[in-house]
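Shared chain: subunit A. Partners: subunit B in the first complex, subunit C in the second.
Presenting the complex of A and B:
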């Protein structure tokens, strides 16, 4: 009787262990499948605007330039030999800000920025992004929108 | 097998004589009758048994219980809002499938297809109107349905989980409407989605990732259009259908629609006490109580006494709500055309750029504080809504509108609901260029 009890006990604990393992395996598989779906849904390559692109030769932007490249949604600023590219995507809700003499102004919700992209009014929560600029081997200026640089980081030509 | 008293049908050929076998002519003549009988097992019921059989032997009707409580059929109790929500969903499914035959989810073609719908497709304008207005109606009606359920205390035990499913259905309805908003690919669509997905990006930690996953790109473009299309026509309708099925099933499993405790008492208002004081049975024989007592505790299958047959009572009530809802949608769709603005111009956002109306309350809040308006406040609201049946455990005041016992809960709910409505009204009518306050008058 006692013996049988023991064997029942050990049998049930083996069974519960196996049940536990099977359950964990099933749950794990389900979790991995769910995760795989997210990985699948996250595009590795995008078909829209490239994140690195050329904006032309440095000579195209003489000193004192503040020009908005509408299609790229950036503003190119050049002062002397220093050049910077500032995003014109409003940090509030993604509208395109307009370039004005005093800085930038958003037509959607009235956010205003100074010439460096600092918020001076409206609901925008943070300043406009500055993008990394480099000189490609062929002499073109290349903007990398994946790489933000801290405000005031100019590229020295 | 041979024991069974089964009558063998008279053997067909070869016997030439004897009983006349049913000929082809007879079969043809009886065909309509036989076909009808093979489809509908019962004639239109004229007895209680027939009414019961009609409900449970018909595929489409067996979603109904055989009997429903009278309280369920009180128009002023439910206002028919649940059925109404479902009707708008059915209308949206049908019109949506029809529109799919002419729509292409491509940034170069989508807008042209909208013009085609308006210009060259038979009933195109009408179908688009019906789809658009039904979508707005569904958002509003599902919200009102939630208000009804809350204000009658119907989320309480044992209906907590069905309330939770309902909350998810409300969110799915909003999301389905939101994904559909982009598909015409006009200025309204593009900037509403740009603004809407930017609100999502304010969520802490995962906000930007959610936005990227939704858009499939850094900005609203072809990938976003395709993703929204697939979500809109397959993923979300399938999820809604599944959850609606569970929602309906649970209504019955949770004992039908909520009702006040008194409603389960017999007509007299008091539980019947069976005391045998006279007659041949008095003191002589023992009776099982089950045989006598009528009242809330002796029901078999949880069918209360104050109930009527679902056929035709419930069916007629549902048909009435169906007809009224469809008629209202048809009238609105014939009178008003769904808006279609200029094609998308990525360079020039309209001023002001507004999200769909049901998110304008959010956008209004976002204009005060990006995080709190877009994520914090709505997140807390949704979490509170979903958890309310697990926080408020008192069982009193169920089944009555504005029950006195539920004064605090109802007041809080109405305050939040009204605040949302007020913010939506401000965002819709009182915000002009640069989101400045303007008078709509």
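Presenting the complex of A and C:
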């Protein structure tokens, strides 16, 4: 009788340990699956143009250059040893803005920007973005469209 | 029960853990972290260090739109340092892609500048492999189901072990260079150029078709060979033609490894469409009637030879041609034996010049079922080859012993045991006669065999041995065949005396129509609807039913023999005795008229045409 009691007691504690362990393991699995679901929500890669790309050598853009790279939808501006890359995507509805001596002009709805990309007219709500520029180890200029810099931040060659 | 539950949940947790780890912790992330760390130590200023610190591992990809279908090349996800010259002595995957002046890279202001920028070209355009892959094994195409593994670097596990060492090397990438650099003698692709040369030199073009290069129809088309086949398969097909298809009659060319490699690279470069031309341009080229004809001479850069060269020169030219163009890959001459096509040792004595020239130009004109391709040699080359075959191979000291004669002249086709299974037998159509078939051998008179040996059998590969053997030698060899192979003594021949020497039924439109009706009813099952001996039943029949459109054979066939064969059958073959099925002499006559009507004698106009086209010298 006594013996049985003891064995029942130890048995019940062993059983409760197993129950606790099973519960913890299943909860852990559920947590991992849920986490995985959340991580999967964000695509790891999309099929756009890469956000980092090289635009060529600094020599390709002599001082005074103000040139639009239509493929990349950016404008490269160089003054002396200072260089900047300004987005040419209109902040209104995403047309490619044209580059002129006085600044930028959007052909779609007539938004106008000054030379630094500040809005001077039209429906555009924000000024044009400036992208971060760096010199890659192979000597190419590299633009990172994921990193915006504040207006007037030039890269010093 | 609870224990089982606990174990099961533990297993589930472990599986979830493994899947999670596998999906979210990648080798490429470790490579990228390593790159950032190393680059930070080499950074020149704080800005660079800050910029590197701001970067975290992510999938790098180049989207290539200019070369065929859009490519997504994620190679730089692991190979992050390809364009970073500081890593040129590093180990893969973090190693700078080498700069090479041969690829057009130039050095300016101490910096190398690439001719083929990764932004524009991606990686797989040159290297192959699976651009989207993020695991080394998949990305490099090690998977057996990926057709183009990293060219010249990766050999798949399923490839043949003995070929694998041959299939590595940068030169295999030339096949990809040639997708844009299609110029015929582009200096950057020596192996492709050599392969193209070999394609003509070793007469591949005679059988294989490649759009724009060759028109052969005997063998599989190779226009898209590079697209369809792996280099392992291409190598195997050249080195061991029968490895994949036991019935292939492609000869073994015995090329050296370097030449095989060149051919493989050349074939790998044939993809049907290449990047240098748009599909529209290709369509236009196909439509335009003025198709650029590339002659083998032009491809090989051979100067046209004057046919007025002296006979000895001609013969030596012919010898050179014979060797250069791999004739011995099929034929036998001297100690070289391809084991596919007839022995040419006595060809000059056996065949006259007209036969040779006509046969060269269109091999099927004389042996209608020959598998020899029509090679586009110039007339001067044919003349040289003819001169070579006719020179210097006199039938010198042929043995007088029957067994020896048989061994030298007959056994290559009829087999050493006379069973019609010599080494070339498989490729000859009609097949060599099985001389051990007693029923046939004993049902024909001796004169017929003697005549076959002496005069040959027109329309087949049996030559007229009478031109090199004396009457006595002919008799000896026939006696040898009879004693060694037939073995049974000659029985009394059935003389079909009621069969007239000439067709008693004059040819007329009605007779031919009646013959055709009968033929379709009774004969087409074996001889085929087209009377070409390829009826549905022919597959199971040995010897094969005659091709009754073989002009040279049929026109040489006497009425008597044809009528006797129809009415009384041919013993030892599947041809039954049709008189047992109610055929009358008139039926046989109608049939013969029909068969003759299929094989008109060459009209004078044809002869004129032939003399116009054959040799102008």
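Simple rule for what comes next: the second predicted complex is superposed on the first by the 115 of 157 C-alpha atoms of A that agree within 3 Å, B and C clash if a C-alpha of one lies under 4 Å from a C-alpha of the other, contacts with A are read in each partner's own complex, and residues count from 1 in each chain.
As a working rule, contacts are C-beta pairs under 8 Å (C-beta built on N, C-alpha and C of every residue); 3 or more make two chains touch, one makes a residue touch a chain.
The structure presented is a predicted model; accordingly, all values stated were derived computationally and were not measured.
Once the two complexes are overlaid on the shared chain, A:148 sits clear of subunit B and of subunit C alike.
In the superposed model, A:47 makes contact with both subunit B and subunit C. In the superposition on chain A, A:25 makes contact with subunit C only, while subunit B stays out of contact range. When the two complexes are overlaid on their common chain A, residue A:139 makes contact with subunit C while staying clear of subunit B. Of the two partner chains placed around the shared chain by superposition, subunit B is the only one that A:71 touches, whereas subunit C remains out of contact.
More residues of subunit A lie in contact with C than with the other chain of the pair subunit B and subunit C. Overlaid on A, the two complexes show subunit B and subunit C touching the same residues of subunit A, namely 47-49.
Put simply, subunit C touches subunit A in their complex at residues 2-3, 5-6, 8-10, 12-13, 16-17, 19-20, 23-24, 39, 47-48, 51, 54, 58-63, 72, 74, 83-86, 108-109, 111-113, 119. Residues 15, 18-19, 21-23, 25-26, 28-29, 32-33, 35-36, 39, 44-45, 47-50, 53-54, 57, 59, 132, 134, 136-140, 147 of subunit A are the ones that touch subunit C when the two sit in their complex. By the touch rule above, subunit A contacts subunit B in their complex via residues 38, 41-43, 46-49, 51, 70-71, 73, 92-96, 106-110, 122-123, 125, 145. If you check the complex, the residues on subunit B that touch subunit A are 191, 194-195, 197-199, 212-213, 216-219, 221-223, 346-349, 351-353, 363, 366-368, 370-371, 433-436.
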